[in-house]
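Two complexes are shown next, each including subunit A; its partner changes from subunit B in the first to subunit C in the second.
Moving on to the complex of A and B:
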């Protein structure tokens, strides 16, 4: 056993107080990364490279609100980011800011800065200039240093701060106005890459020679983005600066604090599921008004919000079993959604949300039988069992379904020929095409389970004159209707591991490597042990070593397994 | 006029609305055996022939300004009137004030829309001459002879050939362009009827065992308080939830009813309804109001008829159309006022014998809604003045 490995063992003893695990690992260095989680202890991993991602629109909005107050509004619209492996969070690592987008950011920055320094918001500036018509470097330094620390998610270096103060001074002189100069400097901070890009930094790992670790501020940012979907607050930055996030005690204290804020945690959970469930599709959700006249833009908007409310209610407010998302009868309605559900909604106005419990006899239960999932995974004028089935497999079961070939013919599906009385008949006919059958066998039997809900998610018993058959089977579990399918999803063993994997990918902002399988297994086991409570899963993740592990050495090269095991 | 064709052909109220989708949605049966509707259109039920040839052979209603010109026939008189009243009124940008001053036809310059009894129009009121009109037999007679609750009047025959139809309001205003299908009054009111919640009239049918045939149901009319929602084709969306406006118990009316072959028949009942029309608030007061509505999956359409109180009707018309008498409204208030009293056929005053109400028939359509009672703490229903008065121990009427 090498000296480096002995050091790691020593550090492990101090931090974890667990000797046996690493003694066991040390006897076979080649298995260091490939250990299972049978012992219930987190297996070590190499980790991946630190990331650099473009802040998304909601994070930007939250950051502005957190730093300057909710009175200061964000007006910038971010360009769409390509999804990578199904997540925007991963695509953000390859996002670019075009010159056009930069102009938009600059305009927003000027607008925000102008509001911050206006007379109504002077309280945001902790000092007063000696002469409002002249520069005041001391006051500018105080404000820019404080605000810059929050925006950059770390203290500004002396050079960085000097540059901003100088910019404020120069502008103040030209404008004969201190606040005008401050506005100019603040604008610069708001378009700086250090603000817009969430760039993770590393530092030498004092516990492992030649290795690096995420620095405290990067840890704080990862933590805050996941749990609150925003930049670290003052307290978290303080803890980062004091090195508290390197210790389990200090980390746990901050995690406890962050998780103790329900509204903030809701924001984090909403952001994750917004990404997971491809909710930007709601922005384009429209229906053929001649076929579904009731379906409006308001319903489309409410449908997205409803899905998120159901998720937050089940996973955060009730702290319930994640799998119960697919069977819950606790939903939320607005007056507009009430027209789809055909139930009275006693709301005080068009925008009020009302909790609603579906009756036991209601044909709906669970997230997958609500308007959002059903309508967004349908065509403008009809259902789409393929889209509904594909979405279920890819989003919740982590099963990739290939895209259709470019020259696929939908004639059978869209043929109003009465020979095919129902969508099931049409889908079956389409699937006889050998080029289509393979994928459709994976999607359609599931998607047809939702056929009692039309393209606008309205319940129906018939399609034309034919009674709809919504029965099917999901991985060996039979169901008779959409509600039964929800139960089959609930009971499917692929559901918990998939959400664990997705959450981990989202949290670290990258694809996973094979050597992370053991830690995924560990997370899955902890998830099961904790009755599949999502908040517990978040806690497990953010208090794990894996969450902060970076797999690069001091030269930014990925550490090889051989190299690690040889130390 | 597809709706009228259906009405005429069927001899009864039009049946179910056509399903728009090839896949008809099927809603669960409403709980509690009650069904609700919100009225979405309300217009006088006119039998309109091309060019009004049948009903208005002498042409459309004479205008106030025509009567004004006859009242002040010489150029000098007209100049004097114009100069006098234009001087009194403010100058409007772009020219003199509109011809509103031509309503000042009283002997001392009184406004004769507000004081129509002060002058007699030289030009006669052009009444409907047609024998055919929509409506029901309200007084039970075939020949319109006087009864304890009605005055002698002419009857109509329905487009389906049913005799004894009472629709004196049609006789009065059927040749008034504003009230015809594409007229200003109808067009303007069409939007206001659905947009303004003073016009939110809700109908609840309870005790429904079968929506096709049910001998005994109860119909309750309420004022609502909520906005409606419209689809991309500007049609109201069905199955919204509508709160009953419990602040106004005077607008609650209960009446017995029945459903025969999918047609709801209800009444008679005395009914007071709120009204917002041409930016003016008013009320409608019906005596012996009846409904005859053909029910469908998503709504209903048919007739609302009864004896409309003359004074309330006049007040609403006057306040609503005073500003547009000679422009968009196109009527002459003095002869209309005289006409509504002369043609009134219902509920004679026991002292004078003058009938106080006029038979009126309106075409209405409705969408299905869920009616709910508002929660006690619903902020929309808390009147701050009442709250303040109670706090200060002041009695509020």
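Moving on to the complex of A and C:
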């Protein structure tokens, strides 16, 4: 394990820049922190604090599957974690394990451990005890050492392993059963904070006197969480232990390996977009059965999966341009979803999902004209232009729309005798009333552009007797329907910087500090240079210095940089 | 009377031998058995008082909710006509305000946060302190199988108003079947069962947990202040679970009111239709009340609808929340008709909840007589998000300490006066509760015995 020193850190930007030039980080002596990235060289940053994230439910499930196989089911339930600055991943770095939460973790740990040692699964244990009714320290040591290293994302220390083996021995004696003892020790590993909390560790940086860096195992975990949404595998742990993740060459080799596994990368990409797009809202998605009789629970759950499949298809399988998410005609349907699209769907083979190419004349194109986005951001029995517009602004454009004032007056639209032919007419009040217009002009023109899709995302030309007018403009770009709006989103200059920022925040588990603006600009430039390929952005990020940079050690103690040799 | 958290030394717990006699553990509640006629504990102390909360979103229609009469035997306006059989158990508190001292009135947030934590939040998502049930649970909740029982009738596992902080929210149970399994499933110990054998696995489980505590303690040295506090909370949770497991090694005290419900069929209840919510609520209320009667917990929380409720009704294109903003106020009725409909449903469910506790006999009265249940909403008039006069109720006599059946007009006083009163009754409080203009040290004497 890494040592910790208590040295006070006083590093000004100029000093840091000078140091980095001295050690060869920047070939351009003028490339100090705070300047632009015109040279194509990554600007240095101070870095934030190492994080201690509470694992989430999907990561926990992935970890158990990876270590013990997909056959071992778990019933773990995680408490609600707060969404901080648009991401639950940030809330994970402040989340606490309450009594109630620990109870479910302990129950899940026992269940999992019991399954792992049962007769059907014992082949997971690499050795056999000399006598099944008695302890066998050697076998327990082999199993617990191997499993502990994977679960803790680092080798267990001699003390840690000895204690676990002693616990297994004691329990085996009490139960007259080797496997019972192993089960007990394993359940301890699974409920330990070293497993549940993904705690980053720092060590002194040998290349920079007085500075700290994330240790190899912490790098491995950051990398694996982002790319695969799971704990590091055996090979990544080996590379971490061998110091390979400190070198660009060693790191690149692992990144290449991780990115070469499409199913795993899909899991990572899914987890990010699930968080970014607030997909927990699908849990509440229902529609009124008299107004939208077609819309079933199956459609609601398929809609979420459809969105994720479209994202993964565009960004991973096709390795396409991120912006084309808003214009793509490659979608996926099930028989249930087909009823919304009015397309008969016949699944063939093992999966109910069928790839479907929207025709050039189809009114739909892009993620925002599919069921998920349109139905979630709507009322049970009608559309909501404001919600559809707000979602786009906040999720994909990183623009915060303020809450409405508490005593806003709805007099204009609440008249029961008013005859509004269309939603656009009703929403006119939003744009004419001064109190409302400020925020609503940012959201409603977008949402009204999707009015050809009703509250259940079904296409329509009319609302009642009136032909729907879905024209509008997005930050100066005009469109005349939802497909055109998708193109306007594609062309909007806020789209690429927003995804870069959100991905970076998600990856490092915290908000940005001011000195990170140049490095974000650098990532944005690289993203553009690489045709906005999301996989390329991931690669740029995980092979960057910024991704691993920490400015303080894990104990928050400020570090100081002593004068450099010869400086 | 106050309940101190039981303090157990490891040595005292681990004297037992697996498979042999039960470990002897001294705990305030378990060593007391009921007296001969079941009206009190054998030691002469009263039956323990339990604390619960009930939450609903979107306030009330003052024209149809606030009784004309102040004091006992209040009238029941149309929105709460369903309370006719429970009125005698319920104190209704109106005209108590949330005063923000210039902080913004964050819609569907400021009101309930202030009434639940004592303090007005500065911004959305900011919880200024623990919810009142957690504060009370810290004192009375220790010697029970569950520190608290948290349920939501909305079916959504994020809907909870029980928390120590925004980072420590108690996860709710979201379905009746899940609640049944939690309370009365495989790990339930029937307090009235004539046979009791301590489960040997419990000792093993406890030793696993104490091992985790010992082995992982050094992790703290490698953390900063904030993360160390989080790890401390984790260790506290471990210790609490160890203590609760220790209880299960002792034969539980008899609970004459406890009637274990039969197995449930797993009926699918999906969505937020008001009738589905009512059904979920009904089934969970019955289980929750029986869980309390069976001494599985002393603290319980039910969410009927969230702040800014998304409840729906068949044929309506909008949610309840949108209705509150877009529906006209009927001149003749003096309220919004559809909003009224939704709120009537909420108050019907409230009546069911109180009845569930009132229908279980305990001692020489009912379970409700030994409970104190605090209900409140997020707004007064949801249309304009007002927080002057957010409705609040209490139900139950709190073991004889509370009067019931009284309508109190708060005359604009801070609503925290009720929370302060409840803390006093539950034996928890120091000298005051709340901050700023919500700070108070005056109980509402009209409802105290």
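Here is the rule we use: the second predicted complex is superposed on the first by the 499 of 567 C-alpha atoms of A that agree within 3 Å, B and C clash if a C-alpha of one lies under 4 Å from a C-alpha of the other, contacts with A are read in each partner's own complex, and residues count from 1 in each chain.
The definition used in the following text is that a contact is a pair of C-beta atoms (placed from the backbone, for glycine too) under 8 Å apart; a residue touches a chain by one contact, two chains touch by 3 or more.
All values derive from a computational prediction rather than experimental measurement.
Superimposing the complexes on subunit A yields a three-chain arrangement in which subunit B and subunit C fit side by side.
Contact with subunit C, but none with subunit B, is seen for A:379 once the two complexes are overlaid on the shared chain. Using the contact criterion defined above for the overlaid structures, shared-chain residue A:291 touches subunit B and also reaches subunit C. Legend: residue contacts after superposition of the two complexes on their common chain; A:199 is shown touching subunit C, with no touch to subunit B.
Once the two complexes are laid over each other on the shared chain, residue contacts for A:82 go to subunit C alone; subunit B is not touched. By the touch criterion defined above, A:336 reaches subunit B but does not reach subunit C.
By the touch criterion stated above, A:167 is placed in contact with subunit C alone, subunit B being left untouched.
After overlaying the two complexes on the shared chain, residue contacts for A:97 are found with subunit C alone; subunit B is out of touch. Between subunit B and subunit C, the partner in contact with more residues of subunit A is C. In the superposition on chain A, contact of A:188 is made with subunit C only, not with subunit B. Nowhere in the superposition do the C-alpha atoms of subunit B and subunit C come closer than 8 Å. Note: residues 289-291, 416 of subunit A belong to the subunit B contact set and to the subunit C contact set alike, using the contact criterion stated above.
Across the complex, subunit A meets subunit C through its residues 4, 49, 52, 77-84, 91, 94-104, 106, 110, 160, 163-164, 167, 170-171, 174-175, 184-185, 187-188, 191-194, 196-197, 199, 201, 280, 283-284, 286, 288-291, 297, 379-382, 403-404, 406-408, 410, 413-416, 455, 552, 554-556. Residues of subunit A that touch subunit B in their complex: 289-296, 298, 335-336, 338-339, 342-350, 416, 454, 458-464. Residues 18-19, 105-107, 124-125, 146-148, 150, 156-158, 160, 164-171, 204-205, 207-209, 211-212, 214-216, 219, 221-227, 230-231, 233-234, 236-238, 240-241, 270-273, 310, 312, 314-319, 322, 325-328, 383-386 of subunit C touch subunit A in their complex.
On subunit B, the positions that touch subunit A within their shared complex are 20-28, 226-227, 229, 231-233, 235, 237-241, 243, 370-372, 374-375, 378-380.
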